[in-house]
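Same chain, two partners: subunit A is paired with subunit B first, then with subunit C.
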Partner chain A sequence: MKKVIHLLTLLALPALAAEPTVNQLLAKYDSIMGPLSFEAQTQMTATREDGTSRTYVMKMLKKDNDKFRIYFAEPSSVKGQEVLRNGDNLWVYIPNLKRSTRIANRDSFQGGDFNNADVLRVNYQIDYHGTLIPSDSEDTYCVELKAKNPDTAYDSIKLYIRKSDLMPVKGQYFGTSGQMIRSAAFSDYQEFEKGYTRPAKVVMQNEQVKARKTELITKSITLKVDVPVQRFTQSDLGK
Partner chain B sequence: MRCLLFIGVFSGLWGTLAVAHAASPEVNGYVSSRTSFTRAKVTGLLPTEDLPQWTELLELNAQLKVPYGSKGSFVYADVSAILQGGIDAHGLDAEGQEVSLNARDFKITQPAVSINELYLLHEYAPWLNFLIGKKRLTWGSGFSYNPTDLLNVRKDPTDPTFQRAGAWMTRVEVPLEKYTLTAVFAPSVLKQVAGLPYQYVLWPDWDKQDDQAHYQAVLRFYALVADADLNLMLFFGNRYNDAFESKFRYGLSFSRNFFTDYEVHLEALFHTGTARDYVDASCVSSGLAALGCAQEQRSPLEKRHLNSSEIYSKVLVGMRRQFADESMLSIEYLFQQDGYNAEQYQTLVNGLDLLRQARREGLPVNRIPGASAFLGGTSQDGNPARFSFEPQRRHYLFATFQKPRIKNDFTAQLVLIANLEDLSTLWSPSVQWSATEWLTLSLLGFLPAPGLNAFGAKTATPGEFITEYANVPFRFRAMFEARLFY
Partner chain C sequence: MALLKLAVRNLRRNRRRSTITLAAMIIGTVAMTCLRGFINGQQRVIIDNQVEGRMGAVQVHKRGYIANVLTSPLALDMADTPELRQKLAKIPGVVAVAPRIEFGAMLSTPDKKPQPDDGSLLPPADQGKTSFIMATAIDPQAEALVTPLRNSFIRGGKLFASVDAHDIVLNDDFARGLEVAVHPEGTPLPKVEQQLALLAPDRDGALNGENVVMGAALPSFSPGDRRIGLVPLGTAQRILRMEGRVTEYSLAVSPFDAAPRVRDAAQAALGPDFEVHTWSELMPFIGTLTNTQDFIFSVISGVFLAVVLLGIVNAMLMTVLERVREIGTMLAVGMRRVQIIQLFVMEGLVIGIVGGLLGIALGYLIVTLAGHIGIPLPAPGAAVPSVVKPFITPLYLVSALVGVPVGASLACLWPAWRASRLRPVEALQTA
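Then we have the complex of A and B:
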């Protein structure tokens, strides 16, 4: 009997060893959704309660873990608008004001169903404590994330990660009351650069107003771009 | 002549941009129509003869950005061609009855060009750039009002996004990761036609109003410290938009988020003396006293504290909060030390009351020394203001509440400006509809409320109480704006 148990244990070891830790899952998620530096062309379409939609075209720049800048190119009514993150600080530059003002992480991103931190603060390793919990599917891991600080977008998140390639599949986002505020579906996995695959499409569903959802599509992305640190300063906004 | 200037400016812009080695020029802008009805207050202290009740303003705005050379260098232009007209001014006839003055030739029917911004920014290196041209620089953290803004055309606090015009300048900037050092030299524009400047710094020989150089120089240090924006500013100016000569002024601003969602800010300006006009009480105590001053060619307004060694401050503190439903509340308090106290405001009202009596008697008020300064002036630069905010007293409150998507793409906003001394207020409600991604329709109102008589000044005849926002030349104003983006 002991020999059988020993044999079973030996057989199970490789499988156990392949099981990633929470930190590995979060590191993988961060490297997919928020690589250390990149330049991306994206399109966001917000669908409202009445079924109409608004589409925004943006260029995104990221450097290090805490520097992010977005330039709005379309539609004409917001062209020239910019959003900047540097550390825990966020600013928006409004062309008609000819100046920047501070905004908060949990403010809505351009009136859609993402908030600012969803887009500008993709670093779950830094912002959340993670725990592996049972998933609702055999094909996915489920990581429950609890916010480390109030600057995060949500108080807790349930993140579902595909076992086969560790790609994110869906997310559920909760507020302070414990109520689910948003849910996200990740899809259209594309290899944008050799060895770099990510979901090109994220649909954020508003769980409180079911008719509302916002779709964020990555059109192109270039990793390891060399952008001067000055591009991530308040003085550079609107320049 | 004006048409030629229009054509000249726009073809010049296009030409400049075409010549530039363009990477990918960006073009956008808007066409806007503003129709407004202002119900004139003909019985007030301020004249309404030049205030048409119906006005239409058409604006064609173009914004062009042409990058060249290295990544951070570009040429930028934000120019508006403005055509406006007005009809149906009202005043009083000899019997004191309200009459329409349709026959008057209104100055505002002239077309104009507003060069909001037009500059070249050359980036020698990411940490060093040079700018020459006209640009709107706002370093202060105030939302409705910026005490440290000594350069730009004044903005309208009921709509801070409306005024886009900046100042002509040369600027050198050294941006670093957490700090920025900026040096600016801004020459005064002393002569312009239809918004196009042609004389800077010194008055021309054919109109030598003084021999002085008119300019403002600024050094600014910005730091991002402890998650706060901190600006320290040192100004040195000579006859730049005011009467100060060789004057140092010191500014600071602070902005930081507290408790994650509350943005708190402070902005302050300090200097010795003040360029504010104070009314000589001895000139406005009676009609005879005023005549005496006029005969002596003595202005009833004097800058009596211009060279004072007393330190004057102008301080604005405020907070802004966006709520979960995306509504936004901004509250700001402004203190200006050189504002009129109750007695000084009473003398101002006395002067205005005498001018009103003189107008009713048919006297040539415009020829009275200092009369035009009494009535205030508007800048010739920038977009025509919806509302000109020139605070006269010492304590003010600004409050803005904005709620987007009250229904679909409708945004509601309420702006309140309150004089905290006489409790008079100006309310500006508005509704904006983003009908499509390229068309915005807005309906705005301006409604002054008189406040408490007990805190106001009183005219000699017929003994009416005057508060600051009761003393505007209109009873209400409504405006409809259609803006089409391209």
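Then we have the complex of A and C:
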């Protein structure tokens, strides 16, 4: 009997190494795009249909799977603004309002083509069911994700992951009626810390209004920072 | 002329039958006139609600605005200068000019309880809500002249008095859904954390906002307007960082049908950088709606007309049967067959003229009376009370006055033809 099991394991191992499961792919994606805790300096440039663009500079803090805080530094019109996620709650703090107020997952993030959940809810294992589907190219896997609940940013997503190093290459994001709303291109893969490589640049293309796109660039990122839980409470906003 | 005299005499010979035919004719005409009058009145209410309650008769935008209204129309704005307003106000037919900004915004309601100190989260039932609204920023003084009806719809409070006010007007169903109540006038404002937050991306896309309270409610007066909110123009300009700029001018015109003329004059005065539209171009669904109603009306009147005319055909056939000997005599003494046809058609014509005249007169009287009193009835999809004031157009009067007698005489053609085909010898032999 033991022999049989050994034999089976031996047979199964090479297969496993060649074809990762959906869950392995998603776990890998989540660990690349949304490590458990980090502090990052990022820059977002939103291009609008009239050709004008605007660049935002911000600092991001993340703790656990559901705590996220963003501090805007530039341009001056949003300086002092903050966004906080705690669990399913999203708040924005606007200095001249002198208060924080709730916002929704699917609202646009600073008028760009990312929505709030794209930036603040980057854990696909929690929010989506995945299945492997045939990819459009030889060297990528394609994972189709279906939303588990209405709080998610999209109803379904197709994620293309490079076979060689399991880095994300592109994403296609679909709305309720099945139409493609956005598509993302991941590039500039960079090793920020030893053993941690991620695409430094994500370009989100608006598929409804083709002239609109937004790019998000990670300037620097430090993993495993220890931020006190206090930083992720509503009462801490604006302080 | 002799035929006419003969026709009238023939009609008076069988008074009961003539009266019944006439009565059918009158009832049919009265019913059609009243129905038309009511439909006219209802269409006027729908148009008034839209034009004087929301849109204004003519709108001016930067060129390309209407085509891009779903993307980011804030970029297609214009400087709100006294010169530009003057230019529009001077166009003949324009009685008022109202500046506006249409923008998409988020309305965020406060949490019902403070956040717990222990870092736990409020249960969803106590959390505030966020909802998208289509905001229209207006100047209350100018708007009172362009959309006077809207002011009469406002409930539970007053429209903000100044462009820099901190109160907004929300649809009452929508506000109820968000659990937002009107802040009573004259009482101190709640603390900022307990006010509403009106958030919107500014002209450059950066999020901005202001604290506001709900000053009054606006009921729905057309389908699909639940998410409309009214915001003071200056407050909106601060949020959008668009001081001194607007995206729309709405014009009130007088008389009402001067709209196309005003549009052409405004377009000529402003030049190709701007686009000007009348209410009917901006709201094509109203045209569809009235066309559908007009079609249904014509089907109903067709059925009515057919029933009434078949009644005439029947009565005339009876007359022909009864008067076989008489017709035989007339033919025998040398009356020509075409004159027989003329005689019967003339009888129909007389009934048509008398019945049509009486029917239309009575119908006109009822419609005018109803128009003076008014029928309280909300427009389709509207929650505001409105009064339908039926009216009849001169065109309808003329076409009815011509159409009813013509129809009645045509209905007599077949009985008349049958009468004219009788053989004198056989006809004279019938008992």
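FYI, the second predicted complex is superposed on the first by the 223 of 239 C-alpha atoms of A that agree within 3 Å, B and C clash if a C-alpha of one lies under 4 Å from a C-alpha of the other, contacts with A are read in each partner's own complex, and residues count from 1 in each chain.
Please note the rule applied: a contact is a pair of C-beta atoms (placed from the backbone, for glycine too) under 8 Å apart; a residue touches a chain by one contact, two chains touch by 3 or more.
Not measured: the values here are computed from a predicted model.
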{"item": "Superposition on subunit A - do subunit B and subunit C clash or fit", "value": "clash"}
{"item": "First (subunit B), second (subunit C), both or neither touched by A:81", "value": "second"}
{"item": "First, second, both or neither for A:239, with subunit B first and subunit C second", "value": "first"}
{"item": "Partner chain(s) touched by A:112 [first = subunit B, second = subunit C, both, neither]", "value": "second"}
{"item": "Touching partner for A:104 - first (subunit B), second (subunit C), both, neither", "value": "both"}
{"item": "Which superposed partner A:177 touches (first subunit B, second subunit C, both, neither)", "value": "neither"}
{"item": "First (subunit B), second (subunit C), both or neither touched by A:92", "value": "second"}
{"item": "Partner chain(s) touched by A:228 [first = subunit B, second = subunit C, both, neither]", "value": "first"}
{"item": "Subunit B versus subunit C as contact partner of A:209, first or second or both or neither", "value": "second"}
{"item": "Which superposed partner A:46 touches (first subunit B, second subunit C, both, neither)", "value": "second"}
{"item": "Listed stretches 6-14, 240-248 or 384-392 of subunit C, narrowed to the one that overlaps subunit B", "value": "240-248"}
{"item": "Subunit B and subunit C footprints on subunit A, overlapping residues", "value": "48-50, 52, 54, 75, 77, 86-87, 89, 94, 96-99, 101-104, 107-108, 111, 229-230, 233-235"}
{"item": "Of subunit A, residues touching subunit C in the complex", "value": "46, 48-50, 52, 54, 56, 75, 77-78, 81, 86-87, 89, 92, 94, 96-99, 101-104, 107-108, 110-112, 209, 229-230, 233-235"}
{"item": "Contact footprint of subunit A on subunit C as seen in their complex", "value": "71-72, 75, 106, 108-111, 115, 119, 121-122, 127-130, 192-193, 197, 199, 201-202, 204-211, 241"}
{"item": "Touching residues (chain side subunit A, partner subunit B) in the complex", "value": "48-50, 52, 54-55, 75-77, 79-80, 86-89, 94-99, 101-108, 111, 150-151, 228-236, 239"}
{"item": "Interfacial residue positions of subunit B with respect to subunit A in the complex", "value": "26, 28, 30, 63, 72, 117, 121, 126-127, 129, 136, 138, 143, 160-162, 164, 166, 173, 175-178, 180, 182, 222, 224, 227, 229, 255-257, 259-261, 263, 320, 322, 324, 326, 404-405, 408-409, 434, 437-438, 440, 485-486"}
